[in-house]
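Below you'll find the structure, written out as structure tokens, and then a few comments.
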Amino acid sequence: MTDDRIVPVTMPKWGLSMRLGKITDWVVAEGDEVQAGDDLADIETDKIAGTLESADAGTVRRIVARAGEDVPVSGTIALLAPPGVSDDDLDAAVAQARAVIDAGVPDEAAEPIVETAEIGGRKIRYAGAGQDGDVVLLIHGYGGDRNSWLFLQEPLAAGRRVYALDLPGHGTSTKDVGDGSVDLLADAVVGVLDAIGASGGAVHLVGHSLGGAVAAAVAARDPRRIRSLTLIAPAGFGAEINADYLRGFAEAQTRRELKPIVAELFADESLVTRQLVDDLLAYKRLDGVATALRALLGTLVGADGSTQRIDSAAAIAALGDVVPVTVIWGSADRVIPPAQAESVPGATRRLIDGAGHMPHMERAAQVQAAIEEAIARAR
Amino acid sequence: MARTITYREALNEALVQEMERDESVIVLGEDNAGGEGAPGDHDAWGGVLGVTKGLYDRFPGRVLDTPISESAFIGAAIGAATAGMRPVAELMFVDFMGVCFDQIYNQAAKFRYMFGGKAVTPVVIRTMYGAGLRAAAQHSQCLYPLFTHIPGLKVVLPATPYDAKGLMTQAIRDNDPVLFFEHKALYDLTGPVPEESYALPFGEANVVREGGDVTIVTMGRMVHTSLEAAEQLAAGGVQCEIVDLRTTSPLDEDTVLESVEGTGRLVVVDEANPRCSMATDISALVARKAFGSLRAPIEMVTAPHTPVPFSGALEDLYIPDAQRVVNAVKAVAEYAR
Amino acid sequence: MGDAIVGIVANPLSGRDIRRLVTQASVFPTAEKANMIQRMLTALAAVDVHRVLLSTDLGGISAAVLRALRRRQAMGQAGSVSSPDRWPEVEFLDGQPIRQTAQDTVEAVRRMVTAGARVIVCLGGDGTARVAAGAVGDVPLLALSTGTNNVFPAVREATTAGLAAGLVATGAVQASEVTTRAKLLEARVGDRTETALVDVAVCTERHVASRAVWDPATLTQLFCAFAEPDAIGLSAILGQLSPVSRGEPDGVTARLEAGGTHRVLAPIGPGLVATVGVRDIEPMRPGPAYPVDTAAGVLAVDGERELTFELGDQPTVRLRADGPWCVNITAVMDASARLGLLRRPPAASPSTQHDPRESTA
Amino acid sequence: MTDTIERRALTRDQLLNVYRMMRTIREFEERVHAEFATGEIPGFVHLYAGEEASAAGVCSNLDQRDTIASTHRGHGHCIAKGVDAGEMMAEIYGRRSGSCHGKGGSMHIADLSKGMLGANGIVGGGPPLICGTALAAKIKGTGGVSVAFFGDGGSNQGTTLESMNLACVWNLPAIFIAENNGYAESTASTWSVASDNIADRAAGFGMPGVIVDGFDFFAVHEAASEAIARARGGGGPTLIEMKFTRYFGHFEGDQQTYRGDEVARARAELDCLKRFADRVVQTGELAQADLDAVDADVAAMIDKAVDDAKAAPLPTRADLLTDVYVRY
């Protein structure tokens, strides 16, 4: 029996297809004291590199996985424990954890199931995590896709069904976006909600940026269906927007052109890995994407070429007090200014220090906590 | 949606999607359907290694078997390209260029310049290259340096299924004559490939591995040999940056130079014979434009200056392998003035 | 026997006109013409013709025969086991400029006549035979067809034809017994004349162009020296309506017109079976000049457009009885059989079997 | 059969056009011959004079749908297919205003907008290309016909023979015009063409092969008209062999010591322009005054072409690197 004061630090599941992560570097050493949210280790997968933040406070008593080592998802990589826990107990826990790491990835690990809904003649793809409970639907922003939520979807899925979709024009959904309007995107989201059988209420919407405006529009159509609305750096709450970023993203043709543009999304530009840029380029090069991005650019940016065209005020007003609204914003957002959080009436506001326009990627643990709170506040 | 498919399937999918998108795309070559005029199946082969399988029935009249007559049908593809078609012709093995080279380098390559910019020749010539199948001296050569030498031609060498599809799509949509080199040892290689169409631009090298110690510039099958070497080297603490040129014409000089400026050390890995090759070309480029960054002499890992031998015992020695790449990288990494 | 000379004239251009394109007429390659001459040389030697005069051309026929001769010489000197049959001495009629026109044939035949040829073999079609006929005088002519598009020349194997020519040349068979005199048609436009051995057609085409007549819609009038029911070519039209043999003194003439009183299906060329309207069929008497009643056009002789005529030219066509003396191959070989000319003594025994000619050589 | 007569019968305007075509070629070539001798024209120039009836007899049956590929002796084909003689002259002088902006020269004059796929510096280079343009026409159903001109030298190239085979295998609307002018450079075709007649080779591919007097416009026109109509109708390829003589050497500067007196005789007795003029005047289809007017007009046009070419600016350094690719 291991001492239940021992808290394992496990390999996170970043994205539904992740099975294995490699610890590239330990930020902490044995003996260090950590607080919740402190960086523990740099981890990379075949898709992305990120930093694992501690979910708990405590003392790092044992590092289980060495730097450079591949660890299956949920494998224990370190142990936190108060000083009173004995070395023998810790060593026993290490041995148990090493056995899991050395066994490697189980063969039967299931591929995530990506589902397709036919909505308005378009194929909309979405994938879910979790078995039962309330439905959480995650809606990405301009140029993103359901993998934007890779740090959040699995962690949010304890006791819930968490879905992420690819909006029209994005990811693996049909690239045609018609007029590119928020309404058209909202139709797709409603269609997905119908497809997953979430018609009876108990739906929590989380939308980022353009996806925030879409989430607000969906909620406004039928507020009783929605139990909570979380907006991360949403569009539609002010005139100011970094139109150069949006245009640059739409127009970039090469890695060299795209990399500095993508850097504007993050407070910490080192997060812009070659893989991230390559994945975005691969998306941008799919037939139809250029047209879709141009159409959506017209939705986001007004005729003057510099200010926002979307206004979500009416949508929020339509919610009345039926749906609790939470707004999350990175303090270092260079795409839409965080001050616009003040323009969301009646919302609970969470400003994430040190995050840019992608707080759910840069400060996933804090964003997760904010979403959990929002869900908890729901009627 | 990206699935895992083979290099062969990726090429086939690019052909199918482009033929569906644009009816001026036609496919022709020896045995591209196979069985024409014979009593058995009419799509018996679908290309000698199956790349064009299934196209014949799907696109009636647009997949043409040809006599073994490379000058005539490669020339016909070029002529058809000047007349509004987008032909994809297959020169079964690049070794056969000797029986049709005039049409490629004197005709297709020169029309635009020679005719004062008035010609557009959007032809793709697919061809198999490379050693490793015990196919001996006349069915195993690389020869892409010869085509790279000719102004007016574009030369493409995909290393992965993803690149194979994207570069084939671009080759078909491109308005210049394109030589598309498919390594015969890569057809069964699998990798993620989106279902949708996409075009990868020419002249954009791909950094397939980042590393700060030594730059490896390579292409085609040698990308995989270099990756294997880089894994071994990483265990010993040497981090290689691998640049896959993807196209040798146009050439992404910037990516090569940027990488060498970062590492100061260059190994070029090229399956072709060493003289007047991509190995010498990249070496000259770096020596000329990044001399100040170099901290060690440039190394080349190539085939020897011999024809490709038949016997497996010899062919295995002929083809550059990971150990030779490891040795070259170590030599430049450990070089001290 | 030393003066048993045979002349062979071959036309390199015959058999390649537009009818290959418009009616799938047969192609007769140069190499096959040269082969015919070589087979004929073997046959001529076999019946003791020692000297052959051969026309020269730029089309490759004489050159191919010359190459064959040199090859045989080399093989003979090398004592090859398959030493070739004897051939006569072959004299090439070179030294004359070759103009690649019908005049080449005329010149060659004239020189053969002057050199004392006893028979002149002509390889070609109706056109070649017609040109040769105009120059042979009284020397017997053996016209052999190269191709199938012909009425006048015989379609026979060259070896047999060679034997027949040789038997006449050496006098083994009397020429007077195996030759018949052909009729001639003489077409005249002003002071230009052309002769035909089979037919003269009046054609509304304005230009000679590719020469061959292949489009029946252009024809208005037809004159035939003879018209056989089994012919190929324009004479077949009247051959089915009013046949006239080669031996009869008269010919036959008619007007061709879509709305004519007769309509007949006729093989007017290889691969060309047409329904032709015909009226005013009448015998054509030797002697008088028959007028052409078309204002302007071309006169085609033996199927080739040759003489153009314009308004006011008033062309005429006349039937003559003084055509060339033609060797009848069947008659020659019948005579040979009757006379036993090709019989040889029975072999004495297998061990002494040899060519009897060698013992007398 | 009536349609075939109508196809062949040429109207007064058509006769004037073909005469202008042939006269333009003759005048162009005679003039280039004279100007070359002054040393002002650079490079290699191969003249077509004497062979005009071939280009005119074939191309007068073609229209915008149709494509031709030519040879190193290509000026005549260019003019007959409608390439501007002024631009051609400028090209021969290496001027920026030339058909190819001075980048092609005599051996590479092309104008794809006119269906002229280029003169060609490679003997036997054209026939494979023509298989391709014919294939394109067949697939697109344009009714277009493609014509490959090649010489007796080109007839011996594998590319030409391969193309005839491919054209027959694919039943393409392709016409092969063998212009047998008696010499491949300095070597006699009677020596170098083993079958003696190039047309005889057609039988080996199962297509018609005919020989035409290449000095006689009407003979060429009739044969080409039938072959082209056959090809348009789906009847497949035809090989037509022109027999004639070129009036000048293989290239300008060729002393022609390998030749006899055939040029003088041809010029005197066989010349296509003289024969054409004699015929149409004799038949009354055209008057001598009509022809004289064309002669004067063409002479003035060629004078202007030469003057303009000499005065035109040369390409500049900036032109050296352009038009290698559509996009690189």
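To keep things simple, chains are lettered A, B, C and D as they appear, and every chain counts its residues starting from 1.
As a convention for this text, contacts are C-beta pairs under 8 Å (C-beta built on N, C-alpha and C of every residue); 3 or more make two chains touch, one makes a residue touch a chain.
Given the structure is predicted, the values throughout are model-derived calculations rather than measurements.
*Asks:* Hey, what chains does subunit A share as contacts with subunit C?
*Replies:* Looking at subunit C and subunit A together, no chain touches each of them.
*Asks:* State the smallest step count from subunit B to subunit D, taking one step as a move to a touching chain.
*Replies:* The least step count works out to 1.
*Asks:* Using the touch rule from the top, work out which pair, A-B or C-D, shares more C-beta pairs.
*Replies:* Here the pair linked by more C-beta pairs in contact is C-D.
*Asks:* Would you identify the chain whose Cα-based centre sits farthest away from the centre of subunit C?
*Replies:* Comparing chain centres, A lies farthest from subunit C.
*Asks:* Suppose every chain is reduced to the average of its Cα atoms; which one is closest to the average of all protein Cα atoms?
*Replies:* Located nearest the centre of all protein C-alpha atoms is chain B.
*Asks:* Mind checking the centre-to-centre distance between subunit A and subunit D? Centres are C-alpha means, answer in whole Å.
*Replies:* Taking the average C-alpha coordinate of subunit A and of subunit D, the gap between them is 70 Å.
*Asks:* Round to the nearest whole Å and give the separation of the Cα centres of subunit B and subunit C.
*Replies:* The separation of the two C-alpha centroids amounts to 65 Å.
*Asks:* Calculate how many whole Å lie between the centre of subunit A and the centre of subunit B, each centre taken as the average of the chain's C-alpha atoms.
*Replies:* 39
*Asks:* Averaging only over C-alpha atoms, locate the centres of subunit C and subunit D and give their separation in whole Å.
*Replies:* Computed value for the inter-centroid distance: 37 Å.
*Asks:* Quick check on subunit D: which residues sit in contact with 2+ other chains?
*Replies:* Residue numbers touching two or more other chains: none in subunit D.
*Asks:* Counting only residues that touch at least two other chains, what does the list for subunit B look like?
*Replies:* Subunit B, residues with two or more chain partners: not present.
*Asks:* For subunit A, give me the residues that contact two or more of the other chains.
*Replies:* Correct list: empty.
*Asks:* Report the topology of the inter-chain touch graph, choosing from line, ring, star, complete and other.
*Replies:* Chain contacts: open path, no cycle.
*Asks:* By the document's touch rule, what are all the touching chain pairs in this structure?
*Replies:* A-B, B-D, C-D
*Asks:* So in the complex, which bits of subunit B are touching subunit D?
*Replies:* 26, 61-62, 64, 66-67, 69, 71-85, 87, 102-103, 106-107, 110-120, 151-152, 154, 174-176, 203, 250
*Asks:* For the complex, which residues does subunit C have touching subunit D?
*Replies:* Going by the criterion above, the answer is residues 12-13, 16-18, 20-22, 24, 27, 29-31, 58-61, 63-64, 100, 205-211, 215-218, 274, 296, 308, 310-311.
*Asks:* Going by the contact rule at the top, pick out the subunit A residues touching subunit B in the complex.
*Replies:* Against subunit B, the touching part of subunit A is residues 114, 125, 172, 175, 253-256, 274, 278, 282, 285-288.
*Asks:* Would you mind writing out the residues of subunit D in touch with subunit C in their complex?
*Replies:* 1-2, 4-5, 8-9, 190, 195-197, 199-200, 202-203, 208-212, 216, 218-219, 221-223, 226-227, 230, 238, 240-241, 243, 279, 282-285
*Asks:* Would you mind writing out the residues of subunit B in touch with subunit A in their complex?
*Replies:* Counting only subunit B, the residues touching subunit A are 1-2, 162, 166, 194-201, 204, 206-207, 210, 254.
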